[in-house]
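Both complexes below contain subunit A, partnered by subunit B and then by subunit C.
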Partner chain A sequence: MPAEASRQEILGWVVEVLQQEFEYAPDELTPDTHLIDDLDLDSIDAIDLMVRLEERTGLGFNEEDLKSLRTIRDVVDLFDGRL
Partner chain B sequence: MREATQRAALSGRLGRAWRVLATGSAFALFGVLGLVLAALFTLLALLPGDSEARELRCQRIVHHTFRFFIRYMQALGILRFHIEGAEALRMPGQVVVANHPTLLDVVFLVSQMPQADCVVKAEAWSNPFMRGVVTAAGYVPNDEGEALVDACADRVARGRTLVLFPEGTRSPLRGLGRFRRGAAHIALRAGRPLRPVTIRCEPPSLMRGQRWYAVPPRRMNFTLECADVLDPTLLASGEQRRSVAARVVTAALREFFGKRVLEREATVQHGRPGETS
Partner chain C sequence: MGASEAGRAPGAAAAARGGAAWQAVAERGSIWGLRFTVACYRLLGRRASLGLVYAVVTYFFLTDPAGRRASRAYLARVRRVARTRGGPAATLVPGLRASYRHYCAFALAIVDRLAIWFDRAGDFVFETHGVERFDDLAREGRGAVILGAHLGSFDALRLLAKRTGKTVHVLMFTANAPRINAVFREISPEAEARIIHAAPGSVAAAFEIRACLRRGEHVAILADRMEANDRGRGARVSLLGDPVELPEGPFLLACALGCPLFWMVALREGPARYRVHAEELAPARRVRPAERNGAAAELMAAYAERLEHYTLQAPLQWFNFFDYWGDARAAAGEEAQP
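Coming up: the complex of A and B.
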């Protein structure tokens, strides 16, 4: 599978989880959307988000990973290249 | 007529100079009390009893100390203090939430609560005047996260009462800061009610960014108003996703305080701090 497609796929998962778990509208969710400034996610939300993505991707993450996340793109980057 | 005005202006200035001195002494006393309590708590830790009994004992002593501290400030003429519905703060197993206009808010709240688990800025654990007290009393540092929510919800479910400021820091000069969702998460997980307390200070004083010696033109009037409890489970009405439930409950809290604080600000003519009367 080309890397480009799988990146697109991961973005789709992130957007889907944010819609389903937090009820954000799809048009609020772009790669540049800031998790804290735009979506007001807190650390508990971040854990919920990552647990759902873990279920989707089968990939684990650790607490350190969470600290570096700023935007939706950062979340995609975290999983991209490891799938 | 002119003389009377001049006399009033002079006594106003004298009154103000007195309140600057008195306020300075109150700040100094607060620091001293912090150190004295820390020393006392070190000794008390030698007494038998489990860690919970120790924490509760320290919390009761902090409560009495804050009562004394407020009486001291009242006696010096720095402030007046009035509370409505104080007995509601003694109900066990609730999450007390308040807006946070001034530096003294937690002092007033705890002065009414023989038992209070306070959520305190994490910096207090590295402040030499506060470290001893916040540690011995089992207060909770406010670094966000699951661990904080779990530890607090566990205490509240066991009947201890928690005090926290949803804004996480002092309110802006006008209005309210962004509400964090920790209080909602804790109350939801513990299945215990939220008790909103509205705090007002007239004229506005001891606010964010103000120096301690910028005393207001008049004596400070503090009013605390304890409202009926809010049931978080009812507010969330069966929402299973905790993130969404916490958002719903926090929005309700924000609305509750918004009504009281913002409407009040619209009707009250504020004397700006730093102005002479």
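Coming up: the complex of A and C.
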């Protein structure tokens, strides 16, 4: 992952994974989309999503990181904070 | 492994499955039982402990009609299936005598477990089938999820892993984890470090499992029983002629992580002698989320098929002394017959 990746780029990756792998429609995926309430992700989905994002970015995350995630914006913040 | 199984031993298993309150009570009982058997083994050694364990198991056999009924219904079932599929179970005659032998097999398993944990690990001899696959994985630096069952000896598998230099962590579902841990620390500090605790509603265990796999270490899970923690995340699958509910978690996780998934069992062939089988349930592959449930169902069916296959080979080493299929009461009518 290039160090200069912008928040916009990170958002792009998250949306891309959710769209391609989880098959959500693009208009469902905004920064404010709630992962559980709106997308109905369960804990296995959450792990799956993190694994796919980790593979894309080369970063590693743990359970504590995951706990703070509510929306797509939170996911972007998490990755942004590590770059 | 270990303590939670002892809690489901004949007797405790007479209670209904599942309820969290019951599980807490059973685990308290099993911690006490664990300490007691450990103390006896230390004081008296293997031979005397064997006598003692036989006495305890006989006591449960005599005082636990529900466990007896479950054993009898299970033996009748396994014979029914064996008559069409073949195997030593076909010659079983369900009845008090066979059920008592079933209980005694459990006593032997307990004493072997103690022997493995204490001084006699070196005496155990293994005949292995399929474990070479783990050497391949070691070369690739990959870990696997290994699914076992309450069939044969899980501790024998851990001993074999230790001997062959493989690191195996055991996932344990337990509410009383810290107390059970304390007992294990006393027995074997090294073993305690290798237990992953699955707490209700937490994804911590999944991350821990993933970290182990990435280090090329393995994670073993007993997947033949729903635990309180599974909170209804179970799926039905056919086992020995009728559907049972098994936890979906291990299968879904293997699909999400794309890790190798193995079935493994150690069957007791004689004193300190075990036959070990390891089989890959399906080639490791990462499954798309939309296909995950279907793929998990296939893996679960493959697991149930292996469990059935090996249960028919060693029917008395099936250590689920409760109404596994929910039919023991109905089958109890048979108990009146000779």
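As a convention for this text, the second predicted complex is superposed on the first by the 78 of 83 C-alpha atoms of A that agree within 3 Å, B and C clash if a C-alpha of one lies under 4 Å from a C-alpha of the other, contacts with A are read in each partner's own complex, and residues count from 1 in each chain.
Simple rule for what comes next: a residue touches a chain if its C-beta (ideal position, glycine included) is under 8 Å from a C-beta of that chain, and two chains touch if they have at least 3 such contacts.
This one's a predicted model, so the numbers in the text were calculated from it and none came from an experiment.
Participant: Judging by the criteria at the top, classify the pair subunit B and subunit C on subunit A as clash or fit.
Facilitator: clash
Participant: Classify the contacts of A:E9 with the two partner chains as first (subunit B alone), second (subunit C alone), both, or neither.
Facilitator: Touch status of A:E9: no partner.
Participant: Figure out whether A:E23 sits in contact with subunit B (first) or subunit C (second), or with both, or with neither.
Facilitator: In the superposed model, A:E23 contacts both subunit B and subunit C.
Participant: Mind working out whether A:D77 is in touch with subunit B, subunit C, both or neither, as first, second, both or neither?
Facilitator: So A:D77 meets neither subunit B nor subunit C here.
Participant: Applying the touch criterion given at the start, work out whether A:N62 contacts subunit B, subunit C, both or neither, answering first, second, both or neither.
Facilitator: After superposition on chain A, A:N62 lies in contact with subunit C alone.
Participant: So in the superposed three-chain picture, is A:S43 touching just subunit B, just subunit C, both, or none of them (first/second/both/neither)?
Facilitator: Both subunit B and subunit C are touched by A:S43.
Participant: Which partner does A:V51 reach: the first (subunit B), the second (subunit C), both, or neither?
Facilitator: So A:V51 only meets subunit C here.
Participant: Going by the clash criterion at the top, which of the stretches 8-16, 170-178 or 188-196 from subunit B hits subunit C after superposition?
Facilitator: Answer for the clashing stretch of subunit B: 188-196.
Participant: Do subunit B and subunit C touch any of the same residues on subunit A, and if so, which?
Facilitator: Residues 21-23, 43-45, 47-48 of subunit A touch both subunit B and subunit C.
Participant: Note which residues of subunit A are touching subunit C in the complex, please.
Facilitator: 21-23, 43-48, 51, 62-63, 66
Participant: Across the complex, what residues on subunit C touch subunit A?
Facilitator: 202-204, 206-208, 210, 249, 252-253, 256-257, 288-290, 292
Participant: Over in the complex, which subunit B residues touch subunit A? Could you list them?
Facilitator: Contact set of subunit B toward subunit A: 144-146, 149, 178, 180-182, 185, 241-244, 246-247.
Participant: Give every residue of subunit A touching subunit B within the complex, in rising order.
Facilitator: Residues 21-23, 40, 42-45, 47-48 of subunit A touch subunit B in their complex.
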